[in-house]
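After this come two complexes, each holding chain A, first together with chain B and then together with chain C.
The block that comes next holds the complex of A and B.
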């Protein structure tokens, strides 16, 4: 995990510290009308002109931090300044885009995304599993075909399509359902749901959070439902299900007590794999609904060459991916008694 | 009043617009407390009958005619709710694969308790108490541990006992057993058969016992019904049918199975020619007609043959039953004398194979070591048949893999003509060595490439071993090989899926002999085949061996088959050789106690055959933790005859008898030599 994080940050560091990117950074930070000479002196004054490897090591905290000529500037501006000042010392640096400590900004944004994801998971997983199990318990039946069609459609629709459709349909004062409902006096707001979720970061309500949650959940749901369906259909054909049937158990008991747990083993791994994959959806959806979370921050940081913030985002992504993998393996062991840690 | 009455039942399966008749015009009655046997080969419809009784044919299956009455109620007319009340409570079922028929993610206790909880509304607590009592009934040790266990934590024999306990939880009046011991080892099977007989005495449960094993039916049932191609062909009491069979198929089946009884073992097997017809390609008139030695054209195929009474309740579906001379023996006669064995060709010295297993969640651990083969020493002579017998986990397949180089030895030596080959994996062996040592595998379907024609696969073997001068020559040799394994030459262009199981195995044999192999290792070559086909393939294998003078190392769990064809026999247990010697010597006293138990556990189909019965306690120990001392001491029924703790502490020496017969046992020589035979001569019968 540490190795993966190290490799990824080296790459991100190298890309963000390419000379044109640094010149752009200097112009956005100081003045857009600076001459080339002024840019060079700004970079030198802020320590950006030294070899990349040394600066990366400083960021990491394995070589002493850089100081300006007057003893100020650089990563740690406290008094007295510590000798090392990098990630290993817990200092994630300064965000040039948001003018604040990276750790504070990222903490807020991660918390916001966490709230969003919590609601997504709460909606998506039960819906997907129900869909999959209902479809899979009687393979080939009408209910199976109907539900499978729904699942394939939602998965095949990317977030930037479903998000826009949802906004047009439910959150526009001109189109979709909202004008109709307002005319009928059924809602006292101009729109059924809010298309901009900026306010949801501070005070989430059903009104402002429903659309981003629905957008992410819809896209992720179909895939999990398909996996659950396949797994459920396979389990329902197993001899031990026949045993349960010929024991005289009612169909409901067969599904709930005998099939369910076995059918969840395969989708569980998929659900956990879904977490990092959902980051994609998070980036698109958060930008679409201007929700100030992790994905939105990542896009902002990338657009403004915010070196420290981007690096921190990369580390977070790596940790997230690997942590979910670990949880998925442990959960797999728990669900499947044939694999036990001795 | 009969408990179960099946009247002219017909069942069809619907697949892609095709209607496949699985069972036609099948009738059967079972009285309360009676044990009925249902015998037949794969695809004859016997399992379909069982599922038809249970009304569980799936979405594709349909009863097209006839009815099933249980306790005077028509099962097809019942509502799903009433049907559920019968399933598990009045009719219960035991299945072939115990592991597959238990829920892997549910504790055994919960699966057992479910039955009375569903049917009788028993509280969970009381249901578990009943489950615990039932476990004692099926003789499982430590019931509390087992109630909390998951199925995979138990052995195959224990799992089947659980399935039986589960079937008996609500004290049903009919128990359907679908090949309940087929997946189990023979010593474990003997225990299950004993248990079933005991439970029947105790509870008076009627049984429908489905099996392909005639010996097992003789051991367990009062009456039987023989099925062929979806029909009942002969029915009657076990005594009648076994002594005076009146259908050519039943008789053919009897003559095709190898016998363990001394006098019978030397008789040649008589295979039933051909294959069973596919359900949609059944001939007009008698289904067995095309394979029947007594068939009369324009009579047997003129009309549908009804079930004809012989002497009620004995009945046969043969219109010539009173014309055929049932005692006439087929011309095949005695087994031809075997060519004398020649020089030593293969010498195995102190061979060992250990596997390291166990990699946990957090990387590999210095884990358990599976001792698959322990200190094996024996020789194989040119032209002989050496049979290796033993139950699952005894290391016989590992030994086969070592011989052909699919695995390399941990220590010891394999000498082929005096050259060491044990350290060479097959890809590193010289071409001549690979050509000399060929293998026939258990499952022919898995070892033929499904996308390449049969002829091409044989030709490929010839190319690899540089046989034949040109492509044309190799093609001609391929056709010769097909002749040799008695397959039509036209089969060269066919794909494996167009062949039946027996035909595929013939291709496997042709391929093994293509290189001009001097030693052929056959790992259970016929155990995946039906009995009638088994005989034909076995006969082919021995004929080819005799003609080519090849050495055959024949690995099998079937003692009767081994007795039938082996010159020498080697008995293995937990990776050790426990007994080795000429076949006659191994199958008669003195015995190793394990050989003795194995012989006593084989269900004999011979009427009147006397057999001492020894049922071993417990299961085969795990090869990761083999017991110290003698590997067999944990189950040995003669341990008490050895003084002190010798068996538990010291690996027994090989005690040598005449003709190279050796037994690895601590028993006193006097006790060994004083043993009585296990199987007495059968008194009469066909």
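The block that comes next holds the complex of A and C.
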């Protein structure tokens, strides 16, 4: 796992430090109309002209940090400057896009995304589980057919489509429900919900956060619901459920007390593995609603070739992915005694 | 005169007549020959599968027949039609062109309806081909990994997990940029990724026609000649006839999409192979003295086809979503390309005021992906039945 994370940072480092990318960085940082010779001298002055492997080791913190000719510049600009100044020493570097410490910026943005995801989980998991259980309870029934169609539709709708649909339906002054409600005098704003969630990062309200939350939850919900349905349908076909039925227990008790607990083991893994998959959706949704969270930062960093910030973002993303894989494996064993005995 | 919603829908339906005709013909033919179609014939009985097939065929025909359907040039900008609402008539309809913008105009005064239809062409030109290359790559690597296990498996699985663990969007931002096109990286990746299908096809022929040597040699020579022709055209841009060509940015996108999808296919194939390699017929083939390549390609692969075909449908849909996401982040084929992702991206700036420009491609993309998902579901149900 640590090896995978290391390999990924090497790849990101190599790709962001390609010569054309560095030249672009130089032009955006200094002046867009620099000549090639000026670009080369800018890169040399800021230490970008040395071998990639050495600079990567510096970033990691296993090689002494680089200093400019006059003893300033480079990663750590404190006085006295520490000898090593890399990620291993807890220094994530300087963001050229936002002009600030990467750790501070990323901390803020991750907290914002955390708040968003908290609401997403709070909406998505109960809704998906209910949907799946209702559908899987009586396999092949009309309710099952209808709910399965809903689940397929939500999985087939990427965030940039559902987000656009939700905005058009609920947050547009021209179309959807808002003009209707304004005419009837039911709302005192021009639109029912806000199509821009920038304000939600500082003061989240129901009106500015509802649409981003709904967008992410809708996209993630279908898959969990389908897994829950499959697992529930399988459990309902087990002999012990038949026994309970033959005993004459009410259907409600069978579902709630006998089937539910066993049916929830498989969806747990799915929910955990959904985290990294949701990450893509979070990036798209945050950009669509301009919510300044982790995903929005990632796009900004990538668009401006902000090397340190991009590396930090990818470390966070990769750790998240690998950690959820680990947790889902452990959680599966913990929830399912049958594996432990073996 | 501005059109009402009923008139707009009616005119769109009329405008799509080639698609309806093609759909009716293909479904009629399928009904007539259903007993000879076998597996596909039984798909006609499943309502999910039929709905999916109809949606997929609808967009396929729309893409193929796009020149007959579009009402205006998808790139033409007509003055006075900026952000026009659906059904707006042209200010001066001269030259016998279509008199209305059926689904309105976008921020650059282009016809949204024509762009949506042309977008189907842009998307369906890439997505199935990319899925195919991703499949060949994933299968070519997944079969040996699952069959030989050991060190090959460990190495390939580590590499695949590495790509899967990468957040897709980040990878796109790193791999699809104008800057990276100045480096040899996309060319090198395409050289490898396009060589794999070639090697795959060659292996298929080599292992199949063992008895008939002259036939094998002829087929191999033909495949290699065709393959090298295509390969040199796509990778080196050196096709003398100009038939196999990809502009650098399209190649870049294609390669990035294949690169992201192939590891998932690899994982599926590897899992299936691990399971099938312990079957009796594989042991029997081994006892007969068949080569590992023959066993993998002609014993294991045909028996793994069910889940692979189902996933292929899903994969095309997923690649459509990925292409849309690329367009959404402004990394699409070109700024004025009518593909759905780019159009949604351009439309979203004025989304709250003029939603129609983004809504049309959004609904189009959604219905195509939904169709592919339903089709996959129908296929899965059918394959589970026997």
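General observations
Convention: the second predicted complex is superposed on the first by the 340 of 342 C-alpha atoms of A that agree within 3 Å, B and C clash if a C-alpha of one lies under 4 Å from a C-alpha of the other, contacts with A are read in each partner's own complex, and residues count from 1 in each chain.
The rule is short, and it goes like this: contacts are C-beta pairs under 8 Å (C-beta built on N, C-alpha and C of every residue); 3 or more make two chains touch, one makes a residue touch a chain.
As the structure is a prediction and not an experimental result, all values here were calculated from the model.
Using the contact criterion defined above for the overlaid structures, shared-chain residue A:321 touches chain C, although it does not reach chain B. Of the two partner chains placed by the overlay, only chain B lies in contact with A:333; chain C stays clear of it.
After overlaying the two complexes on the shared chain, residue contacts for A:252 are found with neither chain B nor chain C. Touch criterion met: A:243 reaches chain B, while chain C stays clear of it. Comparing chain C and chain B on the residues of chain A they touch gives the larger count to C. In the superposition on chain A, contact of A:33 is made with neither chain B nor chain C.
In the superposed model, A:142 lies in contact with neither chain B nor chain C. In the superposition on chain A, A:261 contacts chain B only, with no contact to chain C. Note: no residue of chain A belongs to the chain B contact set and to the chain C contact set alike, using the contact criterion stated above.
Partner chain A is touched in their complex by these residues of chain B: 54, 56, 59, 84-89, 92-93, 95, 97, 100-106, 114-115, 118-119, 150, 152, 163, 166, 360-361.
Every residue of chain A that touches chain B in the complex is listed here, in rising order: 140, 238-240, 242-250, 253, 257-258, 261-262, 265, 329, 333, 335-338, 341-342. The part of chain C that touches chain A in the complex is made up of residues 158, 161-162, 165-170, 173-175, 177, 179-180, 182-183, 185, 317, 321, 324-325, 328-329, 341, 344, 347-348, 351-356, 358-359, 362-363, 365-366, 369-370, 372-374, 377.
On chain A, the positions that touch chain C within their shared complex are 4, 7-8, 11-12, 15-16, 18-21, 23-24, 152-153, 155-158, 160-161, 164-165, 167-168, 171-176, 191, 195, 276, 279-280, 283-284, 287-288, 295, 298-299, 302-303, 305, 310, 313-314, 317-318, 321-322.
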